[in-house]
Amino acid sequence: MGSKYPPSMQCFLPLWTLVLEVALIVIFFFFTSYDTSSQDPKKLMETYRVLQDVTIMVALGFGFINSSLRRYGWSSVAFNLFLLALVVQWAVLLDGFLEQLSPKKVVIKLSSIKLATMSAMSVLISAGAVLGKTNLVQLVLMALVEVTAFDVMRMIQRKYFLKDNHVNMMHIHVFAAYFGLMVAWRFRRPLHERVMEKDQTAKSSSLFGMLGTLFLWIFWPSFNSALLLDSPNERKNAMFNTYYALAVSAVTAISVSSLAHPQGKINMNHIHNAVLAGGVAVGASCYLISSPWLAMVLGLTAGLISTGGALCLPFPHLAVGF
Amino acid sequence: MGSKYPPSMQCFLPLWTLVLEVALIVIFFFFTSYDTSSQDPKKLMETYRVLQDVTIMVALGFGFINSSLRRYGWSSVAFNLFLLALVVQWAVLLDGFLEQLSPKKVVIKLSSIKLATMSAMSVLISAGAVLGKTNLVQLVLMALVEVTAFDVMRMIQRKYFLKDNHVNMMHIHVFAAYFGLMVAWRFRRPLHERVMEKDQTAKSSSLFGMLGTLFLWIFWPSFNSALLLDSPNERKNAMFNTYYALAVSAVTAISVSSLAHPQGKINMNHIHNAVLAGGVAVGASCYLISSPWLAMVLGLTAGLISTGGALCLPFPHLAVGF
Amino acid sequence: MGSKYPPSMQCFLPLWTLVLEVALIVIFFFFTSYDTSSQDPKKLMETYRVLQDVTIMVALGFGFINSSLRRYGWSSVAFNLFLLALVVQWAVLLDGFLEQLSPKKVVIKLSSIKLATMSAMSVLISAGAVLGKTNLVQLVLMALVEVTAFDVMRMIQRKYFLKDNHVNMMHIHVFAAYFGLMVAWRFRRPLHERVMEKDQTAKSSSLFGMLGTLFLWIFWPSFNSALLLDSPNERKNAMFNTYYALAVSAVTAISVSSLAHPQGKINMNHIHNAVLAGGVAVGASCYLISSPWLAMVLGLTAGLISTGGALCLPFPHLAVGF
C-alpha cells in the first residue's frame, strides 16, 4: 500500500501467507475428513442456504461498508475477502479441535463452515477500526490471534457455563469491538501522515457503502437465526424481532441524523451504524422476545445511541458493540 | 435537501417521523402479538426465502434504479430504505386490521411482513415520479396515504369482489403509476430551478442503475409467484411465464433502443423500463398462461410499448403501469 | 458503440435481433409446451433456488466482472444481459431437440432453463475475449454458433460416451476459452485504434469488478453442485470442495499478486482470475474428491497458475480454462 515499506517487508506478507496456506493444507491432510454420514438432502440445502446468507453478509456487506472510505475503495473489498478466506480455514480447524479436545480427526460438516464464517466476522468488524493504522502482516496476525481468542472464549462458555452456540456467538460484536479498540489503541500512531484524510468519505463511492449496508440489513435476520436450529418457533421469533429492530433503527437513525445536521442532511455513516446497532441490540435475546413492540423499543434505543455515539466517538464501526 | 428550507422545516421531518415511530410502537404494544402456533419448519424457511427475495427487489432493486439520476446518488438509496422500513410497519398493522375488522389483536406472521413489503413497493414506484418535486415531509405523508389507499382497495377487492391476494396485489403497478402521476401533477412546480438537471443520468453511476435493474430482473419471478401458495402448478407457471416475458422484453428493448438512437447507442432507461414492463405485463395473469409463446408475445409487446413510451412520456418509471 | 459504423449497420443489429426474437416466438408456438405433470412443491422451490443462484452468477457476476474495463462500464453489463436473455431461449429449444431427437413437442421444465442458463455461460466467458474486437452483430452470431456447438458437443458426450450432465457441463470453461481465443484470433485486428486503452482498468469502477468477483465467489459452489441431484453426498462434496478450492485460490492469488508487484500492490485482475480458476479447477471432479486437502492443493495450484498466467497471457479471462 505505498512505497514506504522496505522491500523486505513487501515480500514478507505474501511469502508468509503462502507458507501459512501450505501449513494449513498439511494440517488438513493429517487431521481432517469430510462428514460421510448420509444426510437428509433437505437439511443439507437449508444449511447451505444459511451458509450462503452469512457469506453474503460477510463478503459483500462488510466488504463494501468500508469501501466508501477515501483511499480504500476496491482494495478494502479485496482484503476483506482475503481475511475471510484465510480465517475460515483456520476457524474450522480450531472449532474442530476445541470441540473434541481429543487427538482424533476433525470431521468437517457444512455447519462447521457456517460457524467458522460467523467467527470470521469478528475479525472483519475489528479490521474496520485499524484500517490505515497497521500494515498487512500485522492485520493477518491480528486476524489469527483474534479468531483464536474468540473461539477459545466460545469454547469456555460452552463447556463450563453451558451456554449454547447461539448465545456465545452473539457476544461477537462486543468482543470484536473491544478487541479492535485495543489494537487500534496499541497502533494509535498512524502509519501515514495523510491518514486523517482516509477517514473521510469519498463521495463517488458512498453508493457502495449503501450497497454494503443494504446487504447487512437484508441478511441480518438470517445471521441472528442461523444457530437456532432446534426450535422453529425460536427461529421464527429471531427473524421477526431482528426484522423489527432493524426497521425501527433505520428509521430512527435517518431521522436523528437529519436532525443533527444544520441543513437537515443525512450522514451515511449514521445509517451504517444504525443498521448494525439494530441487529446487534436484539442479537443475543432475539429468540426470547415474544412481542414486536419490545424489539421495536430496542431498535429505537439502538438507533438513538448509535447515531448519538457516532457524533462523538472516533471509531463509529465499533460503537455498535457497546 | 438543500439549505433553502426554513430551519423549522428541517427539524419537522425528523421530529415528525420520531413521533410517528413512537406512536407505531405504542400501537404494536396494545394491538399485536406474534403468531405462536407451532409451524412446519420447512414452510417457515420457504416463506422466509420469499420474503428475502421481495426485500432484495425492493431495497436493492428499487433503491439503485433511481440512484443513477444525477444529484441523487446514495441519498435516494437511503430514502428508499427509510420509506420501506417505515411503510412496512404501518402496512402490517393496516393489513391486520382490515383483514379482521374486529377489535381483537393482530396476529403477525412472516407472511404478513411479506405482504406488507409487497404493498410498500407501491410507494417506492410512485416515489420515482415525485423525486425532486416534493420535500421529505410530503414524501412520508404521501407514503402513508398511498399504502393506506392501496390496502383499503385490496381489502375491498378481497371482501366484495372475492379476488384472491395474488390478483389484487398485481394491480399494484397500475395503482402506483396513477397515484404517482397524480401527486407529480399536484406538485408540478419543481422545488428547485435546477430540477431538470436532476432527471439527467449521471454517467458514473449508470452501473448502479444496471445493478438495480439486474436485481429486479433476477427476483421478479419470485415476486410474481409469491402469493400463489396453494397450487405448485400455478406457482411454476408464474415463474416460467415471468422468466420468458422478462427475457423477451429485455432483448426487445435493447434492440429498439439501439434502433432509435442515431448512432445505435443504447439508453439505459429503456432497459430499466423494459425489465419492469416485462414483469408487469404478465403479472396478473402469469399463473393462467399455459404456453411460453404467449408470455413471450406479452414480453415483446411490453418491450416495444415501454421503449416507445419512454421516448415520449415524461415519467419513464411510470410508463410501465399502463 | 461509436459513430464509425455505416447507418445501415446500426439498423442491422436491432432489426436482426427483433426478427430473431419473433422467429423464436414462432418456434416456441409450434414446438414447445410447459411441463404439466404435478410436481413436489419442495423440489420445485429447490430447483428454482438453484436457477436463481446460476442466474445471479451469470447476470451479476459475469456482468460486472468486465465492467471494470475502461470504456465499457454499464454497456458491458447491458450486453451481458442481452446475450443471456437471447441465448437462454435458444438453448432451451436446442437442449429439447437434441435430448429427444424426435419430432414431438419440447417439454420445458424449470431444470431446462437452469441447464440453458449454464450453457449460456459459455458465451459470456468467450465474450470477454472479443470485447472491442467485434461489433454487436458478430457478437450475437458468435453467441448462437457457440451455444449450438457446445450443446451438440454435450449431446454427443451424453449419448455416445455416456457421460452425465454434470461432467459434460464442466467442460464449459475449456470449451469457452478455446472458442473465445479462436474468435479473438480471427478478429485480431481491433475495430478501433484506441482499443488498447480499453483493456486498461478504470479506477473508479474497480469496485464493480470486485462486486462481480464476489458474486462469482459466493455462488460458485451452487454452480458446481447444480447438476448433482441424485446423490446428496456427491452434492455435499461438490459444495465443500468448491468452497475450499476457492478459499485457497483467493488467498494464494492475493499473496502472489502482491509478491509480483514492485511495491507490493495487488492487481484486481489476478483476484478475478484466481476466483474463476479455483472454481474451474475442482469443477469436473468436485464430487469425487473426498478430503479437503486435495481441493485445497487444487486451489493453490489454480491460484499460482492463473496469477502466473495473467502476468504473461493476453486474455486473462480465458487463462482459467486451461
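Letters A, B and C mark the chains in the order given here, with residues in each chain numbered from 1 onward.
Assume contacts are C-beta pairs under 8 Å (C-beta built on N, C-alpha and C of every residue); 3 or more make two chains touch, one makes a residue touch a chain.
Keep in mind the model is a prediction, meaning the values are calculated, not measured.
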Subject >> C-alpha-based rotation, chain B on chain C, 0 to 180 degrees, nearest 5 >> reply: 120
Original post:
Since chain A and chain C are copies that touch, is their contact same (over half of the numbers shared) or different (under half)?
Top reply: different
**OP:** Starting from the mean Cα coordinates of chain A and chain C, work out the distance between those two points in Å.
**Re:** 31
**OP:** At least two other chains touched by the same residue of chain C: list those residues.
**Re:** 42, 49, 204, 211
Subject >> Sites on chain B touched by chain A in the complex >> reply: 1-3, 5, 9-11, 13-15, 17-18, 21-22, 24-26, 28-29, 32-36, 38-42, 44-45, 48-49, 52, 55-56, 59-60, 63-64, 67, 73-75, 77-79, 81-82, 85-86, 88-89, 108, 110, 113, 136, 204-205, 208, 211
**OP:** In the complex, go through chain A and note every residue touching chain B.
**Re:** 42, 46, 49, 203-204, 206-207, 209-211, 213-214, 217-219, 221-222, 232-233, 235-237, 239-240, 243-244, 246-248, 250-252, 254-256, 258-259, 263-266, 268, 271, 290-293, 296-297, 300
